[in-house]
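Next come the structures, one after another.
There are two complexes below, and they share subunit A, which is joined by subunit B in the first and by subunit C in the second.
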Partner chain A sequence: MHNMPSIYGINFLEKSMLSIIPETVIIIFAFMVLFLTFFEKLAKRKNSYYLSLIGICFSILYVLMLSGSNIYGFYGSVVFNSFDVFLFIAILFSGMFTVLMSKDYMENSEMPVPEYYSLILFGLSAMMFLVSSNNLIMVFLSIEFMSICAYILTGYIKGNTRSTEAALKYFILGAFASAFLLFGAVFIYASTGHLNLYAIHSFLQNISYADSISRSGGMGIKVYISVGLILFLVGLAFKMSLFPFHSWTPDAYDGAPTPITNFMATGIKIAAFAVFLRIYSLIYNFNIMNFNDILWLLAVFSMTFGNIAALLSSNIKRLLAYSSIAQAGYILVGIIGGGFYGYSGTLFYLFSYIFMTAGAFAVVVIFESSDIISLDIKRYSGIGYKYPFIAASMAFFLLSFAGIPLTSGFMGKFYVFSSAVKSGYNWLVVIALLNSAFAAFYYIKIIVKMYMPDEEPVSIIRGAIDDGLMITIIICLILTLLMGVYPQIFINFANNSADSLWRI
Partner chain B sequence: MDFFIKYLLSILIFFPVVSIFLLLPVNKKNEGILRNFSTFLSLVEFIFSLYLFIYFKQNTYKFQFVEKFNWIPSFGASYFLGIDGVSLFLILLTTLLTFISLLSSYRYIKEHVKEFVILMLLLETFMIGTFAALDVLLFYLFWEFMLIPMYFIIGMWGTGKRIYSAVKFVLYTLSGSLIMLFGLIYIFIMHYDQTGDFTFNILRLYNTHISNGFQLILFIALFLGFAIKIPLFPFHTWLPDAHTEAPTAGSVILAGVLLKFGVYGFFRFAIPLLPSAAFALSPFVIILGVIGILYGAFVSIVQKDLKRLVAFSSVSHMGFIMLGLFAMSAISVDGSILQLLNHGITTGALFLFVGMLYERMHTRQIKDFGGIAKKAPILTTFFMISVLASVGLPGLNGFIGEFLILIGSFHSYPVLTIIATSGIIFAAVYLLWMFQRVMFQDITNPAAESFEDMNLREIITILPLVALMFLIGFYPMPFLERIDPTVLHFLSMINHHHKAVYNAIKLKAGLSNA
Partner chain C sequence: MEALFYVFSFIAIFSALMVVTMRNPLTSALYLVLCFFALAGFYVILDMQFLAAMQILVYAGAIMVLVVLVIMLLNISRIKNIKSDLHQKIIGVLISLILFAEIVLYIINGAQKRPSGIFTHALIKRIGNTQVIGEFLFTGYILPFEIASILLFVAIIGAYLFAKKKF
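Here is the complex of A and B:
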């Protein structure tokens, strides 16, 4: 399939362009938003907001139009198949929620507006490139593109030391991660001679086949390639915020503007996991080294550390940041479980994760003001009676994080855990289940504050709630409930997507 | 009408949800309407559930009112409902107690009435669903979500250390349930590996062959989930806190229905799925049950708080039920299922009386009461009947259940049964002594001088329960003849397994002709 003639078709340029249409649309709209700054009359807050929403909707439209097709573009370095359809929709949802949340947030601050939205759109396109990249250089380029957008957006609140500090920390650690990633890619290239993932896949297949016949050959290559794969894994683990490489997460999440925190927690995490899933299923699954054991450790440490740290934090953004580290651990369980069932479960979990996270962050935006005390969970005491709908949705999202039935979180956890049991990782599942019981404590702690206040609730002065936030909350609520009660539609969707992962 | 009977279980499960949507538009301030309307709706639900009783075919162990639809084919889960003799009565108990607890809360629940009635109705949906589900995943979904409304009820309307109790309740049961989930998933995967049949249908999972060693491990996993809910002796610590701090309605539902889920889980899932392990471990479970009987009784004797006393008496009573269930003779299992109903009725009634006393005196300390019999003769009479039913006086319901359990288990565990019997004597000690201190003696507390007797609403609340105490006490046949076929089928099912395993062992040892 990756042999030359099929790529050099007659109309290969058209095919190449077709394979990146959803990204292109987003980039075009990003430039349009950016050009708005040239015209003072048009550079109003609202215009750029609506323009970005329209761009995202167009992109979703193109993704749906292209769904079902299987296109290789640019000499096989970009792939568009149903795996991408699923994840593009997930990422575009995340971008849409970020934009919807931003309007209210930006109105209360002094930041330049059109640039902000165009950076979100650029970041979005980078995530989509990352998901569809099928080439080590392409992976590196899109990760860098995505990260640079994220660095700028993290430090976007001018003059705020927390935001600046967060951006600097994120940048320095992120640069290290990129170096690891690049170094790993170099090792892989040096030992296999290929950059295309499919080519590497078949190369490794040949090696392990030769290995099974004669035990002697290929030792030197094996050392190089395992070093390369480990370094590459480290680079990606930074983006997935797994345990030993998580240290940027709480600071960056806390310092960034809240919609951007949502963008990092949903978009970046999903894109990183998606590309990891693709790479892992293609080039890690040979008996060069047992990577499942490494992931086992990463998953267990991420869950345990994330939950303990979340338990100790009283700032809601930090709490959600630590809980996202724990969630990354649960998602990893699906990848370790492996097989069709496990990958489909991972995708399902990722999809459900967007809606609960975006919903929770939308509620955080509602109650946030410029001073940091507004992020303390004590501020949430008594809102259950003042804002019944919003508090009930927040409680529902938190229960979804905790994995209580009727929510998408339960179905996702159930899916990945049963795939791991199926592959025989019993202890991992037991640890993960104990962790989720433990995690329930701090999610419930917030619900206790909302509904069972000890002291008189702090009076929260708050005008009318922005439509964008309400729309976000309602969409998230409906989808979280739907995926918890009748997940079959989404499972079919995820199955389709996981299916194309197998078809090489 | 055909449609109504055919989908009766679904209607029972979702009618409370529909009721919630009917109640949502009502203004928060219209507390009277909210109370009356929700009570009326729960009464309608109870009347609907009586159709189950009327149309239930006795003399068969087969599941009735079966409904089956595809739900999540990818997980092999289906929307599969059905009831047998055991779940029939537990559903009836649920609908009755929900109605009673809503009726009993008119005075106790003073604020956030709307939230309260909505949560109670939501809880009812999930309780009925748990008893009716025959699909493991569906069962788990109902089972686990049930915690959330109960948590809010304890935390929002409780007294004293309500938040601590509510959080402890949730975390304790949640941890148990998650370990149980692991066991259930494991059995599901095992069944899939053996048969290639991807299903959560419990009736098919019964046919899974599991080696004895695995059975022990999986039984322990399921055991943790169910034993915490019961609660069996070392896992009981959440119960006194939750019961004591919960509002009256919460305690009634907690004692009357929620505790039954653990035993029901053993009956429906743990024992039939893992029969060899259940046989092997039954002496240990029975020992825990007997320890629970004595421990609950001893701790009850020294309690100063009225509600805590009743809560610990629950631990003691649940010990009897476990003894009966794990003795695994037809009579003892019959008795223990009947005792499940009895415990729901009598302990529910006792909690209602504690609630009435608390509403009037604003205290639960036994030493603050005294001499109430002179002021409130009606209350004293009914309270006396409930206390005697709980003690196990012949002619009332408690006697029938305990008697069946004890004669049924004597054959296999004579010593433990004799020890357990002493629990009845201790029950008489703590309950009658408590009754004497609360109701008789001289009035010491000035608040008791203006003690009002029960009003009409409270009499209506308690009357169905007292009527049931007499009915089961004098004529338990309508109940037993519906429970019997199910219990016999249950025993034949596990014995069949057990004998098959036993024969296999004999063959291996070369003793097949021994």
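Here is the complex of A and C:
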């Protein structure tokens, strides 16, 4: 039973509420945006757009105010430390870019506006809960919460068969993956007797200590728990869109509204990697089984498959979807590398990945019209002379994806790969380097199309470009350049947050 | 008690297999009800009468009524003509065999040293199992409980958006 004085203590509720205040602010604003639907006058204007931006800014403010504190809230269900601060800011940036991109997109289509923004905000809060969750039930619930928001938003374009098909595929496969996750969580609970991640961690510590004393000791329990861990990994790998579990990615990315594609590519991926990083460092790390070998295979296949499929696709959204599978493989290299440098490198890569992806998708939103032809890469031929700034920034983001020096992509790859070399995974790094050289081909193919049109350039009619899109592109450009040229601030930030993974 | 366990597990496995193999969706839905009843039986064996009642009320009652209603609204005659794919069957059997092997491995290895919880039969009989669940829901798991409510709310918004004819 629980310790009664600690429940009724004055500080208990206050502390618990503090630990979830950034999420709570987002949820309150989501409800406020939703209430706008009651009033026809308010719902028609841009109120929901501005209200959601204000909510995200408030949440960032609260995260910054709370940074440096280390709070366990709600009986250890959630934990707030500098790991969370880093990832909350990353996720909130991703949400902010999604909202900024959406204004232009929503004007050109007839969709209900306030529900859209409120679903984005609910999805954001779910991602933040996922990052801060410290309990298997919390992990499962917030993954479900996040996924349900994503399913609804994927099928948001009504009457569009591609969007509906994508939502249905995503929903069925996602439900399947959630079942695996839950199955794994049940096995872990049955073998350790705990749901709290820290409690499982200390349980495993005791087991491996007993194992080191008597050689025969906890062998049985290790097999017992590893079954659960494998099933849990399947559920998480689906959300990270790693190779054998990737099949939803191209369809869902292609069918969803483009701002939502950005939301899935940045927000969901980062939240899934963050929770995997936390669970990996606490549970998988005990060498219960050779999980690094499994991850090695997943990383190699994801990179190779993603790059080959991206090379063959001519639709820009599908290309970015396949390249995001490959990027997930590179991020996984950092986790395999492990240790302090591996984790901080992974966090740095995740942070830089937001800005490149959001920038690229903002450019896609600019040139997208309602027909499917507008997403063909051929449409981009010759835009380098018509829209010099936008084309130049697109080229910069693509170079960053390819990992050319002076961009954040290079720095991220450098840290991730060097940590893997430090841990002795030389072949993995060789394969990853070959892959990123191979990937540069199809990124540069688009740049060549933009600046050296081999045929008559397709004329793109486009009015004034929306402010939100320009703000997104400019912020992404500045941060991608800054992280490539002077990464030290961000590395310190990532080091701080990786450090708190060990401070249990 | 042990004989009862085997009876319930036989019913559960049999009805679960029937759910998958039956051609008529209505028949498989009714077998699913049977499966839920068998699961409720497990809860009774474990001294969790409250959970058993909830299982029957919520799953066998509310959710299955919805499933049957949806089957009624769909045009079943068109669904019947779907041909089953051979390679789908092979993959399905293979994956279920692997999962089965994993579970067997799990049970064999865990039998010797299984951690047990603090809530034994005697303790639950003394406190009452509804109180145990209630206390956990409002202390240790209050945050997941609240998040589940918001999750359901978002799901309702989604259902509303998809069902609405015109915006």
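The definition used in the following text is that the second predicted complex is superposed on the first by the 492 of 504 C-alpha atoms of A that agree within 3 Å, B and C clash if a C-alpha of one lies under 4 Å from a C-alpha of the other, contacts with A are read in each partner's own complex, and residues count from 1 in each chain.
FYI, a contact is a pair of C-beta atoms (placed from the backbone, for glycine too) under 8 Å apart; a residue touches a chain by one contact, two chains touch by 3 or more.
It should be emphasised that the depicted structure is a prediction, and the values quoted were computed from it without experimental measurement.
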(Q) Under the stated touch criterion, which partner chain does A:367 make contact with: subunit B (first), subunit C (second), both, or neither? (A) neither
Q) Regarding the shared-chain residue A:73, is it in contact with subunit B (first), subunit C (second), both, or neither? A) second
Q. Who does A:301 touch here: subunit B (first), subunit C (second), both, or neither?
A. neither
Q.
Just to be sure I read the superposition right, which of the two partners does A:145 touch: subunit B = first, subunit C = second, or both, or neither?
A. second
Q. If you stack the two complexes on chain A, which partner ends up touching A:156: first (subunit B), second (subunit C), both, or neither?
A. second
Q.
In the overlaid three-chain picture, which partner chain does A:224 touch, first (subunit B) or second (subunit C), both, or neither?
A. second
Q. If you stack the two complexes on chain A, which partner ends up touching A:62: first (subunit B), second (subunit C), both, or neither?
A. neither
**Q.** subunit C versus subunit B, contacts on subunit A by residue
**A.** C
(Q) Give me the intersection of subunit A's contacts with subunit B and its contacts with subunit C, in residue numbers. (A) none
**Q.** Interfacial residue positions of subunit B with respect to subunit A in the complex
**A.** 71-75, 112, 137, 140-142, 144-145, 147-148, 151-152, 155-156, 162-163, 166-167, 170-171, 174-175, 178-179, 181-182, 185-186, 188-189, 192
**Q.** Interfacial residue positions of subunit A with respect to subunit C in the complex
**A.** 1-2, 7, 16, 20, 27, 34, 73-75, 77-78, 110-112, 115, 118-119, 122, 126, 129, 135, 137-138, 141-142, 144-145, 148-149, 151-152, 155-156, 158, 187, 190-193, 203, 218, 220-221, 223-224, 227-228, 230-231
**Q.** subunit C residues touching subunit A - in the complex, by the definition given at the top
**A.** 102-103, 105-106, 109-117, 135, 139-144, 147-148, 150-151, 154-155, 157-158, 161-162, 167
Q | Partner subunit B, residues of subunit A touching it in the complex | A | 385, 399, 404-406, 410, 414-415, 417-418, 421-422, 426, 429-430, 433-434, 436-437, 440-441, 444-445, 448, 451-452, 454, 486-488, 491-492, 495
